[in-house]
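The structure is given below, and queries will be raised subsequently.
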Amino acid sequence: MSGAGHGPHLPASIVEKAVADALAEDLGLSGDITTHATIRAGTRASGVIAARKAGTVAGIQLAETAFKTIDPFAQFEIVIGDGGAVEAGGIIARVAGDARALLIAERTALNFLGHMSGIATLTARYVAAVAGTKARIIDTRKTTPGLRALEKFAVRCGGGVNHRFGLFDAVLIKDNHIIAAGGIGDALDRARAYAGHMVKVEIEVTNLDEVDEALKFAPDALLLDNMSPDLLKAAVAEVAGRAVTEASGGVTLETVRAIAETGVDLISVGALTHSAPVLDIGLDFNAQS
Amino acid sequence: MSGAGHGPHLPASIVEKAVADALAEDLGLSGDITTHATIRAGTRASGVIAARKAGTVAGIQLAETAFKTIDPFAQFEIVIGDGGAVEAGGIIARVAGDARALLIAERTALNFLGHMSGIATLTARYVAAVAGTKARIIDTRKTTPGLRALEKFAVRCGGGVNHRFGLFDAVLIKDNHIIAAGGIGDALDRARAYAGHMVKVEIEVTNLDEVDEALKFAPDALLLDNMSPDLLKAAVAEVAGRAVTEASGGVTLETVRAIAETGVDLISVGALTHSAPVLDIGLDFNAQS
Amino acid sequence: MSGAGHGPHLPASIVEKAVADALAEDLGLSGDITTHATIRAGTRASGVIAARKAGTVAGIQLAETAFKTIDPFAQFEIVIGDGGAVEAGGIIARVAGDARALLIAERTALNFLGHMSGIATLTARYVAAVAGTKARIIDTRKTTPGLRALEKFAVRCGGGVNHRFGLFDAVLIKDNHIIAAGGIGDALDRARAYAGHMVKVEIEVTNLDEVDEALKFAPDALLLDNMSPDLLKAAVAEVAGRAVTEASGGVTLETVRAIAETGVDLISVGALTHSAPVLDIGLDFNAQS
Amino acid sequence: MSGAGHGPHLPASIVEKAVADALAEDLGLSGDITTHATIRAGTRASGVIAARKAGTVAGIQLAETAFKTIDPFAQFEIVIGDGGAVEAGGIIARVAGDARALLIAERTALNFLGHMSGIATLTARYVAAVAGTKARIIDTRKTTPGLRALEKFAVRCGGGVNHRFGLFDAVLIKDNHIIAAGGIGDALDRARAYAGHMVKVEIEVTNLDEVDEALKFAPDALLLDNMSPDLLKAAVAEVAGRAVTEASGGVTLETVRAIAETGVDLISVGALTHSAPVLDIGLDFNAQS
Amino acid sequence: MSGAGHGPHLPASIVEKAVADALAEDLGLSGDITTHATIRAGTRASGVIAARKAGTVAGIQLAETAFKTIDPFAQFEIVIGDGGAVEAGGIIARVAGDARALLIAERTALNFLGHMSGIATLTARYVAAVAGTKARIIDTRKTTPGLRALEKFAVRCGGGVNHRFGLFDAVLIKDNHIIAAGGIGDALDRARAYAGHMVKVEIEVTNLDEVDEALKFAPDALLLDNMSPDLLKAAVAEVAGRAVTEASGGVTLETVRAIAETGVDLISVGALTHSAPVLDIGLDFNAQS
Amino acid sequence: MSGAGHGPHLPASIVEKAVADALAEDLGLSGDITTHATIRAGTRASGVIAARKAGTVAGIQLAETAFKTIDPFAQFEIVIGDGGAVEAGGIIARVAGDARALLIAERTALNFLGHMSGIATLTARYVAAVAGTKARIIDTRKTTPGLRALEKFAVRCGGGVNHRFGLFDAVLIKDNHIIAAGGIGDALDRARAYAGHMVKVEIEVTNLDEVDEALKFAPDALLLDNMSPDLLKAAVAEVAGRAVTEASGGVTLETVRAIAETGVDLISVGALTHSAPVLDIGLDFNAQS
């Protein structure tokens, strides 16, 4: 439900630029020679965007923008919006307009919709797997280069939550930073002194000693890296609400439930954005005279 | 082996722009606040880029550019170049330079390398599955928006061949074009009249009657869409070398061998670019005083 | 007839960018100081775009976009569209709108229209000169830097056909490639192995021995470079339909008919895009209160 | 002699952007497939850039930048710099470097050099035609869209002088402005009031009455439009040094001398930039092992 | 009165780019998270843009564009346009539209309006201080990087006049140029020879001898740098109308009147653009259901 | 101390783009015509960048980049780096290189350095005014459009701390959000649910009741808007460390000490970025033969 209520949000300028870049890549400087050769100007057409498999929709705004960039007068009716569940065969949207435009924009629209819905669908499966626990599923910076804003939006469409956007909007102190800084305490001290009051600070820890050490410096969050469920449970008990806890490493659809049941607040999953298969979505086209 | 011999080729301007865009996305306008807070300026470091799982490398040029964009004096030694096979644990490259720069560029470098190597690795598995047949594995336009040049390059690193790049560089007449044009013959006639002499023309057919109809108009290639292996075999026999034959639809690692054995020239696989999981590659970091 | 039927096609995004760049170049950061000083805001005007000499129109879409970029509510009526013939004094279009906007956009509109119509007009003269033969007139990569898409479109408006767009969309093996590759056969072998199935391959030959040598490797086309009409005729006979034949070198309006009568399929003319004089087109302006 | 002494000047950032855009147009997203297929990586080559016909050189800086953009280590020796005269067959520059790079950049380099030298050559012919008079040859805003900076530079290389760059840097009141402003006096009054003290004001006049009317308002220059030589002579006498005089309209290589002999200060020639044929310049290539 | 009559003028493309850049800076890739979290989609709102202190308005076009970029259907009523005087508490504009959009664009709109009105307000104070003299207040190239077009426009809104825009549109020979050229005469000679007839030439002088020396070469204007009022008066008498006179250096609101009374034509004030405090302008917001 | 230790940080890509944009604005498409006319190519020069008044330096990296963009071989020696204090007359840097380049880049370099040092200097005065209290001086989003990254960097050079960068990286709930959300509690609830765990949440309150209400929902920070020192003191006591406290509104160099002594953690000052006068910095130039 893009833009409605308090759903995930994607600035229009981001959408327009992403679509323009993708169309430019497909059209080159000569445009769609097949369509111009074979389809008479002025031909009208309509189409139905339908899922071939069940999943969660994300990216409908990009699909709409792709069609309307080529045909500003195209009509686009959203049946299932961003974040909605679609069955196999279910209709996601209807589009009507200039036949050439529909064929020109089709692949760009579907590439966005399939990629983003693939991420939303995988996210929704992880979210479902931890239902009933307090754990939330979050993403990482392991995104496809250039598409981070779209992919983090898709994670939210699937019911996940976003980690920091990039290197600039929050402090996440990892093992290498700790080594270079000379220890957990020094690293946290420096981070607090450097960061403004609106910047959160998280630090990676790998055992209970490090948890204790870190807690002395009041970080906002602890990244519990590659811990077993038993160790996670102990760490959560040790933290006792003094910081947000994030589990990371070795998370799969098979292991995520056990991790969630340790009581961690957050579970980060790189695969959401780096390895989600496309959701198979197609356009059923109807040419008109 | 990027740039060497007659391997796949990626213009430097494409690489530089892709890396600059990805770094901008990660750095925002404030840069890496964690690294600047915790690591002293002037600290040196080195690292080893290693595969966590076996696969085929692609994108090493982008990883190198990521590091050198942040630290122009960084040293980057390629151990396994584009198209090379790497074992689990195998070293792909070594990098040394400013410690801050290495940590800033790490994720961008790995995101490119993992994504592109994931595509190369999946392509190589398809190529291996058809070994000994004449069939070649080719990609489609079902690519991640904005990354088509990189992804088509990665397909070649994996031993695949590229289909047309976009809508502009070759004619591919699909079912909807045929309907709108009024038939196979009309569509092919118009395409030939419209396209210059350096543009190839392919047309989609779904049964033997359409094969016969299309061959009357001497297309360069036939897209045999969603045919069973038996039907493919019959179509190949019917074509008898008068056009290049491409099988498409329902291709998986399980089915691809049988399809190849029908004698088709090409097998196109959308999954190469829309559903390849990342190849897990990491940076092992060594800080120095 | 821009966009109508199956005429030449120019993507809207290309048109908009070209016009925006040209207006920016003319307006700088301060805009049209003469018009703002001398013409009162709100003044209306109309104008007639007319040819001072006879020719073939190309670029009407760019002229329209120039006016509408400055005054989105300007009215623009096309009298003779792209590809149409205009007599000396003939009206090409009528424009009406804000007087300031018309004067601001005038030169940009006319610069595009004059340059592109100049190319179309020269192309049409070459096409007329070979009328009745099977030869088609084609362009080259000798285009004005940055304007290739517009110039190749103009060639089509003049009845010509486009050669490859650039270095990326087809293989054209020239003398220097042959030398570096070690011979015609090696060069063609490598090109075939490297290029996908949708990429055509042409090779330059300069005598009948090279024609024979090349034909062994089944290129799609032969570039018969700088051959006399007699030699061209012999080459065409030797080829006997096994490849498309293109004559190139020394082509002028005086020589082109004789070349066409040798039976070649294509005659490429660099002058179409590098030396066509402008078609003299002006705006007759009527200010209104 | 670009950059030397007080010759014409082109900012480096303009050169780099123009070359990058032209290369991008030629290379697309896949690069030069012919060269990568046929020429082995690491091959070295050299070449000589030579004029096929006599003329005046302009654009050598762009040619050099084209080669060095593809091969940063290419060597480029300028034999005849911008503004220099070259004989038919004369060597303009020598280039050496990576063989692939030379072939990739060749057409872009020559397209710039040929186009700009064509303008310089035509300008030099006009300048020669008025030798011994006080008249200087100047350009107009009738330039190829997007290339104005390069073309105005080429005019200077040919010995011409530049008129205003665009609509923003000087006031030129034409007939339509006068009509809309309600007369010559009102137009000049408004222009002076609007323009800063560093902006010159020129006005178009077509007869002696308008000359007298305009001179009452002390314009910096008068554009004597479409006057016969006799009328021009009378106008120059009337002006008597109170303003710079510019003749425009109907200027050809045949008529320019008579116009110059009327005593006008400047003669503007649109053809310099809108109709100059290319100067034929080629690259003689030597591959090395 | 932006766009009306013959007031100062800012090309629409400059306005749109400036606003888009500023919004991008504020929105990043994730947009306004506070507004999307707290305000329900579809909420309507209106607001009043009012001055907290008295001043001169500039930049209303940018404020309007900011709101309309986020909500294309927003209504924006200008009460006091560019160049108009506003009292403390006075209403400048009314805006109504989507509540989220109003809050998202508010700061960008006010940042432009406050900055530009600050410049117009300071300019108007200088202009008032010299009322009744012939002196005009002009700006310099000491502008905020990237905002020169907007700031020079604001100076005109405040009743000032613009000096040259940049290094490219007029010649201003300063002390260092004179030294490097070998003297005033050589510098002016070279400048005249280099510059086209539409380019004005000004030269810096610091005493009466230099005034005399410069006047021999008929410059368009003299920059009388850092002269006392007495010396300025003597210089103006010496020039006797043979060139435009500009006083510069040590100009404050306290000293400007005395400088103006020396009879100089122009007084340039760097502080107009480099040190004007913001005009305090706010948005009074009314949310609606 | 740009780049050294743990000082403020500005990504190189931001610096390079800002400088390129500013140079483009000053050079247009024709470059510096005065310098090219008057100064012979190859002339060498050196210069000293010195403060005319005392202050705090910021932006030295931009000044250096300006010179090196025009002359890549220019030498630039930093005497007082970012964040350093300079006396009136004190030398900030020395530069040597091509004389033309130094004069071309001078104004751009000084415009950056003066603007940013002006901000740093004003910030340092506020910081000094609260010395000995726990209060820190922070900036706002009231920045010059397009320059936020540079201006926030300058605030840090002056000893200040940055508030959130923009709308995207932290939640700041203001009065209008509270009204539209239906109250403090609802607004905070929604913000927490919407924002990821790495995003901080601040809310504006104007009296003690609102402080109490807000604290129930555990915000990270409270913006105490337009409170008197007495009320601020009471609010700080009420908060008792449960949230960070920020005072805002009516802050001047006269009032800031009293505000700081109330015990607030932070004091935000819009004037730092919207009304700081330039720090007067000049270049003393020495031409060499």
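Just so it is clear, A, B, C, D, E and F label the chains in written order, and each chain counts residues from 1 on its own.
The working rule: a contact is a pair of C-beta atoms (placed from the backbone, for glycine too) under 8 Å apart; a residue touches a chain by one contact, two chains touch by 3 or more.
Remember, it's a predicted structure, so these values are computed and weren't measured experimentally.
> What are the chains that subunit C and subunit F both touch?
A, B, D, E
> From the centre of subunit D, which other chain's Cα mean sits the farthest off?
When every chain centre is compared against subunit D, the largest gap points to A.
> Taking the mean of the CA coordinates per chain, how far is subunit A from subunit C in Å?
The answer is 44 Å.
> Which integer distance in Å separates the CA centroid of subunit A from that of subunit F?
Whole-Å distance between the two chain centres: 33.
> Touching two or more other chains, which residues of subunit C qualify?
As it turns out, subunit C has residues touching two or more other chains at 6, 25, 27-31, 33, 36-37, 40, 148-149, 165, 168-170, 172, 190, 193-194, 199.
> Assign the assembly's chain-to-chain touch graph to one of these shapes: line, ring, star, complete, other.
Complete.
> Hey, which residues of subunit E end up touching subunit F in the complex?
18-19, 21-22, 25-40, 43, 45, 99, 103-104, 107-108, 110-112, 114-115, 118, 141-149, 165-174, 176-181, 186-187, 190-191, 193-195, 199, 270-271, 274-275, 277-278, 285, 287
> Which subunit A residues qualify as touching subunit D in the complex?
Against subunit D, subunit A makes touches at 25, 28-29.
> Can you list the residues on subunit A that touch subunit C in the complex?
20, 23-24, 27-33, 36-37, 40-42, 70
> Spell out the part of subunit D that touches subunit F in their complex, as residue ranges.
The touching residues are 3-6, 9-14, 148-149, 152, 165.
> Looking at the complex, which residues from subunit F come into contact with subunit A?
Residues 6, 138, 161-165, 168-170, 172, 190, 193-194, 196-200, 202, 220-221, 244, 246, 265-266 of subunit F touch subunit A in their complex.
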